[in-house]
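We just call them A, B, C and D in the order they show up, numbering each chain from 1.
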Amino acid sequence: MTASFDATHSLDAIEVLLALFLTASALVSLFDRHLVRACYFFVAFAAAMTAAWWQLGAPWLAAVELVLGVGLTGPCFFYALGHVVPGASSPLERDKFSEPWSRVAMRVVLALAWFVMVGAAIRYVVADMAYAPSEHPLLVAGVVIAATALGAFALHRHLLRRLLAFNLLGSAVFMLLAGVAGTSATAQALISVGLLVAWLGSMLGALLIRQLVHLEGVEALGRDGKPEEGAT
Amino acid sequence: MMTMLLALALLWPLVVIGWTLWSAYRAPAAYQSYFSALWLSAAWPALLLAYGGEAQWTMDAWMLGGEWALNSLSRPWLAFTALLWGLAAIHARGYFATEQAKAQEGDQDTQRRLLRLALLWPLTLLGNVLLIIAQDIASFYLGFALMTFAAYALVVHSGTAEARLGAKAYLMLAVVGEGLIIGGFLWAAGEADTLTLQGLREGILVAEQGAWMAALLCLGFGVKAGAIGLHVWLPLAHPVAPAPASAVLSGAMIKAGLLGWISVLPLGDEQISASLAQFGNIMLMAGLAAAFGAALYGVFQRHPKAVLAYSSISQMGMMTALVAMGLVAPEVWPLLWPGLVLFAAHHALAKGSLFMGTSISEHLPRWPLPLVWGLLALPGISLAGAIGAGMISKWGVKSPLYEMHHESLIKLLSWAAVGTAALVSVALWRQWQQRHKGGSNREQWGAWLVAIAAALLTPFWLPLPAGSIEMPPLKEWLGIMWPFPVGVLFAAVGWLLTRPLKGKSLPAGDLWWLYAGMVGAALVPIRRLGHYCAKLKAASVVSAQKTEEILMGHLTRLLSTESWLRHHVSGLMMLLAVLLAALMMWEGQR
Amino acid sequence: MNAAWLPLTALATSLLVVVIIFALPEDARRLRTTINLAAAMVKIILVTLMVRRVAAGHEDIFSFQVIGGVDFVLRSDALGVMFAGLSSLLWLCTTIYAIGYLEGSANRKRFFGFFSLCVASTIGIALADNLFTFLIFYEMLTLSTYPLVVHNGTQQALDAGRVYLRYTLSAGVVLLLGTVLLYSLTGDQSFSSEEGLGDYLNDHRGLLTLIFALLVGGLAVKTAMVPLHGWLPRAMVAPAPVSALLHAVAVVKAGAFGILRVVYDLFGIELSVELGVITALAVAASFTIIYGSLRAIAQEELKPRLAFSTVSQVSYVILGIGLFGPFGTVGALAHLLHQGLMKVTLFFCAGNYAEELGIHRIDEMDGAGKRMPLTSIAFTIGAFGMIGLPPVAGFITKWYLGVGAIQAEMYWVVAVLVASSTLNAMYFLPIVHRLWFRSGPAHGKGSWPKEQRLGRFETHSWLLLPMVFTALVSLGAGLFAGLPFSPLDWAARVANGEYLP
Amino acid sequence: MIWRFGLFDSTFEPLLSTHWALLVALGLPLMLGMLAALFPPKRAWPVVLASVPVLASGLMLLSAYDQAGLLRWHWDIAGVQLSLRLNGLSVLLLLMTQVIGVAAAIYTPGYLRLSETGPLARWLWPLMGVVLSALSLIWLATDLLTLYAGLELMGLAAVGMLMLSGKVAALVAGMRYLLLALMGSLTYLLGVALILGHWGRLDLQGLAEVVEPGPVAWFAAALIGAGLALKAALFPLHAWLTPVHENAWTPVSALHAALVIKASLFILLQLWSILLPDTFYAPRVIAWLGMLAIVWGGLLAWRTDSLKTLVASSTVGQLGYLMVAFPLLLGPDIAPLPRALAWEGFWLQLMGHAFAKAAMFMAAGNLILATGESTLKGLAGTSRRLPLSLLVFGIASITLMGLPPSSGFTAKWMLLQAMVISQQWWAVAALLTGTLLTAAYIFRMFRYCFDETAPRHRYQPLAPGMDLIALTLALIAFALGLLAHFPLELMHGGSP
């Protein structure tokens, strides 16, 4: 019924470190306006996720994450940035769109609410977490990342950053899934499908971003967030 | 046999119309004869029918159920009506000869007017015949309406401004009259659940509101019969209508109103209620008022036909009074009605010949003048009761009244006859003043002469029940004849007295001008109200448009939030999830 | 013996014609005309068959289940067949007229397609046996008349179409609500059921009144009862055959027919009286009658005047219902037919004047009687019928209504009738006067607004014949009202059915 | 409620032929799509030929259900439980998918030939195949994993299809849709995670037995609800929809509006009926939003100047009709009669709208293609030149307006009756207002079409059959009104 982390109790320290690293790299990746750096941090996050899957005893997922997350999704972002060779400069290096404060504030509130909600939900599922939240550092990290990523997703206008946020959210959700449901075959199947979808989505997104930049320039990437855009 | 005759009598006018139409369509205008021999014959089958004997017909398929009859009342009525129509038709042929010549020369306007008259004349006749033989309400009303509306063409014929005024007055009152009649019919027939006039009379007799029904119907028919207050169209329409049209209007059609009264009122029934009798009294007063008032007003008219019109009103007033006697004193009615029919018939022919006479005096034939004026005066004298059929008809109504001891009424009627005499003499005087030489042709004076003869000899040819009419005994002659000289004297005195007022006279149509003024005054606020409503509507349309514009502006602004929604979809989704979760938690915790 | 095919075929004929017309190309003029006329003939034959069967006491029913508890039912009963007869007869006339009228104009395929659809809807309305089926065809009618109203495609026509839809669709929604409420209360309620809704009276008095108000309110829009009449005068921009059809048969009559159904067959007259809604109906109808006449007087164009006359006249039908008695019912039913015949004649005439001479305003009609005698005679007959003068059919209904009013002891109704007749005379007689007694362009005075010589006779013979026919029928319906199978006779038969079950 | 979705044991095992039919129904669209990518058909007839087996498989499944009642399939692959079921509802939806899909496919060659579509055109075929296969899977699947996979497959393919036109606006809108759709599925997945974590299973039948109301069910329902609402374009999360349709190709729009968003709604209703059998407020919230959706969608469509936006906005409003039925389907204390009525009305409305909206998009596409104008004003005078396209549009719009005798009417009738019986007057008002608003925007469009005073311009002739396909769909939507008994009876059957 409840998922358990029993097998990994002894490795708490590693888990905590992993969780911390995941959270940190996710946050940087989400909020760094320097996009190339953000993408690098995403790759680092994906690598950490691979480790985390390994740590959780799901080698299959670790492999998938390695291939799809590190090997395929990461390059997708660099491709979208037009930053195929490391060191080359790109017009997309920085996100220059700015958001009004009200929007930021609203997103922060929403992200907090979402954090509370997801946290509460997880608490109800993993009954013992209420007593020892620190025993599930990866779960906590998952909740934090999920809420933040969603908030960031809602906040950003830059399409690439939204795509990044989506990927991070995806990973967080998978982590939560694994956290509450363990690494049963069903959960692994779900996560695999999710990873595949995330990759496909990222690839499609990257292609689109390239195409948009090609057709309209950088500005087109932020059009989605501009409130003054016409009704149709 | 009778049925065939009936069919012929009713269809013949239609055949005439069809033929006239056909020939108008076929023949070139230069050879166009509007008043062919066939046209003249329109009324003849009806006349024949009147002498064919009594008969009855029932036709379920006809309208609400047709019931027609030729009985002791409708036969004489049909006889004098058809005769007058026939004579007037012949007279018309002569009367319109000049116009026809003009039409043949190619005057389009005249062509149109003549064709119109030639078509609607038989139609009017048809209506008149139908209403006489009808015993069911629908047919009667059909005949009445047909006659009323078709006769409009007769009145308006000349198309002058006066003619249009006269026709307008005629039509307006006719519409009012039709409305009153249908209202009364519906009420009475609805209460009695009947479709026949017989049933209607019985219904009115027993109905609680019988007097009111009778009043409605009487007013309605009163328009046609020239009852006082509703008579105003007569002096307006008669002077302008062609002489033959005036003849049938005043002779035959006006009698349709009288026949209407006789048909719907439960006359002579012993069980007449008090209220009906009361109504009879009012009617009696109204009749006498008409008899005297019209005479008083009429003598001051300038136009001979207007004078004659007032004479008709006066005469109809007398007949109104006699009809009213059927309600006031039911026992007198069985004796009275043949006299009344004779009175009506005689008046029809006499008034017809008087009106035809006006056309004679306008186109005097090359006869010795005294002869002409003697002939012109003859029907008038008869009308005043001094000679011929007039005398007999006077006696015909007087004797039953004597028998039942209504001497006061007799006296009043005699004095009314004085008025008649005065009116007739004024009319003749006016004719003399406005005489013209030459031009009257054979048909014109032929029909006129026959009409005079028929008027003087009315009792001899009118198919009344045998023995209902007798010559007045010699000792009564004086009592019948005295009003005539008195009347002439009055007229002469009056003329002398009013000489100082040279050239001034009262307008024809008396109350019409009052009515017109009142209606005009009433229309002013109504018009103003109408204008106000129109203005209000326009204003509200404008303001509604303005409101709509404003609303649309708001709406457009509101809809621009769609793009806000678009940019906040993900935020909204987060909100929705949180909201749903919170709501369900809250509900679950309760 | 149930001949279910009969009502179905009657309906299907018209629908099939719609499909065929839409499938034919625009320029297949002859074929389209042939099909149109043939179908109209076939339908008259079918309706005649139905009349005979109903007269012999058979009522044919066709039904199938749509969803649980709701059936689609067609049934030929006396009342329905009466309406079907009217619509099929006038369809033929109007089709002939329309063929002549639209000679050479564009979009004829669309016109005739929707025209046929419109008539198919009226047949459906006539034969519908429950409110659901009725509603289907009622809404179909709304939709199929819209393209006809906007047919000319001018700004004015489009605006009129919009107004028309605003009224009728809102009414449709109200009607739908009423229907659904009724179904929720009683389930499927056939028009032919003997029970009526009397059982629900004690517990649901308010609800029943509400349902009645909704149903009748929804139907009253099409009936053009004041103050819901605003669409009708505007819809006059449509071509003349459409106006004729709209006024005489289809739309306006559908509403009146619906009210007849609701009062007589759904609620039952006793229940309606019990609810006290009948008197309200009579008062509303009377108000409409007077108001319509007054507004008609103020109009200066021919068609709007006729339109307001329709507003006034159709409420005679409603008034007849309101009189609660056999005579009133006979009057109402007969007027449904009579008014149709007379009004269609008048609109044909108006169309002829407009087509042949370009006359739209009343003051342009001077002396038109000489130029177009047959049209003017027909107009005169129609006008006299509207006034209610014998021998035109209008008199017959007025008689029955008046007598019904007296027997129901509603004396004021007679006053309304008389007043209306007088007002009618006030706005029709001047026109008749102008036609015959004034000299105008035909007498060499001025010229017609836009004269065309459309045919050998006074105008195109396709325009002339239907008009003459309807004029003669309206005359005949009055003159020979006593014949078996005359409108009056049939109305009396229906009324007997309602009052003597 | 749960039995209505066929979540109970079947009496019979499926026959061998049924297995094959299932395989064809699920796999063949995909295969054909791939094939067409290699050899893009230039004419309609190869597509017609190819669609015969697809439709045949649907009919076979229908007859199989007719004979045997509910059918179930169950597989266990490496510890992962996958299961499918075939009940009346899923047969109906499957057939609907196949008919609309086939129609869109037949429509496509003509459309591609006439419009300048660019090099990406051939990719439309496989994507279409994927969408159809995924949809078929969704109607049949009874475990959350298959549903998730189907949903994602469908969503990604749909995004791909919508962006094929390659215009910038299409790309921007498509990108937005892509991100939102992915986000929606992640939210959904989070909900699924909670379910899996708490009850340890994903098969719906099993879940239906074990789920009891509690915080986990509520949170899962909230997450799943929000995610799927986003994907189903339920108000107020609908705003991505119109721009997407504005720029997409006609057959794509038709498929998307008719089917793709319905799939999310289907899953939403199915999962909520398991998770929230007796919740009062959540369905109410959806219903309230539905009322707003009806008004909002109607207003949007009423004031727009673009034909495609009109059609797309009308989808928002029409979804509102479905949303207001939620309390009747899910809420507690609903008597059996209104619940049954609402259930049937819901699906009839869904199907009617699917057919009508597909037809409408095709008709609108035809009008735009022929006139070369995409604004309403550009339609002036089309009533004369393009009567058939307009007629199709008209018939489809009758269904949307819910005027008789269309399926929209019958559905509305049932919903109204259910609402009246359960006294939900606000919903009644919303439904009736929706009718009027729909009529307002539909006839606003017709008003332009009937304008005869506008100048004429040249029209591009349409490929043969393009109107006929649309007409067929519109007529199906129309005929479902009076013939509703037959499909609805299918849904009656198979109650345990």
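Please note the rule applied: a residue touches a chain if its C-beta (ideal position, glycine included) is under 8 Å from a C-beta of that chain, and two chains touch if they have at least 3 such contacts.
What you see is a predicted model, and the numbers here were worked out from it, not measured in a lab.
Trainee: What pair of chains is linked by the most C-beta contacts?
Mentor: The chain pair with the largest number of C-beta contacts is A-D.
Trainee: If you take the mean of the Cα atoms for each chain, which one ends up farthest from chain D?
Mentor: Result for max centroid distance from chain D is chain B.
Trainee: Let me have the rounded angstrom distance from the C-alpha centre of chain B over to the C-alpha centre of chain D, please.
Mentor: Each chain reduced to its C-alpha mean, chain B and chain D end up 77 Å apart.
Trainee: From the C-alpha centre of chain A to that of chain B, how far is it in Å?
Mentor: That gives a centre separation of 103 Å.
Trainee: Suppose each chain is reduced to the average of its Cα coordinates; what separation in Å results between chain A and chain D?
Mentor: Going by mean C-alpha positions, chain A sits 31 Å from chain D.
Trainee: In whole angstrom, what separates the CA-based centres of chain B and chain C?
Mentor: 36
Trainee: Any chance you could list the residues of chain D touching two or more other chains?
Mentor: 176, 179, 183, 214-215, 219, 222-223, 242-243
Trainee: Among the residues of chain B, which ones contact at least 2 other chains?
Mentor: 559, 562-563, 567, 570, 574, 577-578, 581
Trainee: Mark out which residues of chain A touch at least two other chains, giving numbers and ranges.
Mentor: 117, 121, 150, 153, 224
Trainee: What's the complete list of touching chain pairs for this entry?
Mentor: Every pair of chains in contact is listed here: A-B, A-D, B-C, B-D, C-D.
Trainee: With touch defined as at the start, can you tell me which chain B residues reach chain D in the complex?
Mentor: It comes out as residues 555-556, 558-559, 562-563, 565-567, 569-570, 572-574, 576-581, 583-585, 587-588.
Trainee: Can you list the chain C residues touching chain B in their complex?
Mentor: My answer: residues 298, 327, 370, 384, 388-391, 395-396, 398-399, 402-407, 411, 414-415, 417-419, 421-422, 425-426, 429, 436-437, 439, 443-444, 478-483.
Trainee: Can you list the residues on chain C that touch chain D in the complex?
Mentor: 22, 64-68, 70, 72, 106-107, 109-110, 132, 135-137, 139-140, 142-143, 146-147, 150, 152-155, 157-158, 161-162, 165, 169-170, 172-173, 176-177, 180-181, 183-184
Trainee: Mind pulling up the chain D residues that touch chain A in the complex?
Mentor: Chain D reaches chain A through residues 78-81, 144-145, 148-149, 152, 156, 159-160, 163, 166, 168, 171-172, 174-176, 178-179, 182-183, 185-186, 189-190, 192-194, 196-202, 214-216, 219-220, 222-223, 242-243, 246, 304, 306, 309.
Trainee: In the complex, go through chain A and note every residue touching chain B.
Mentor: 106-107, 110-111, 113-114, 117, 121, 150-151, 153-154, 224-227, 229-231
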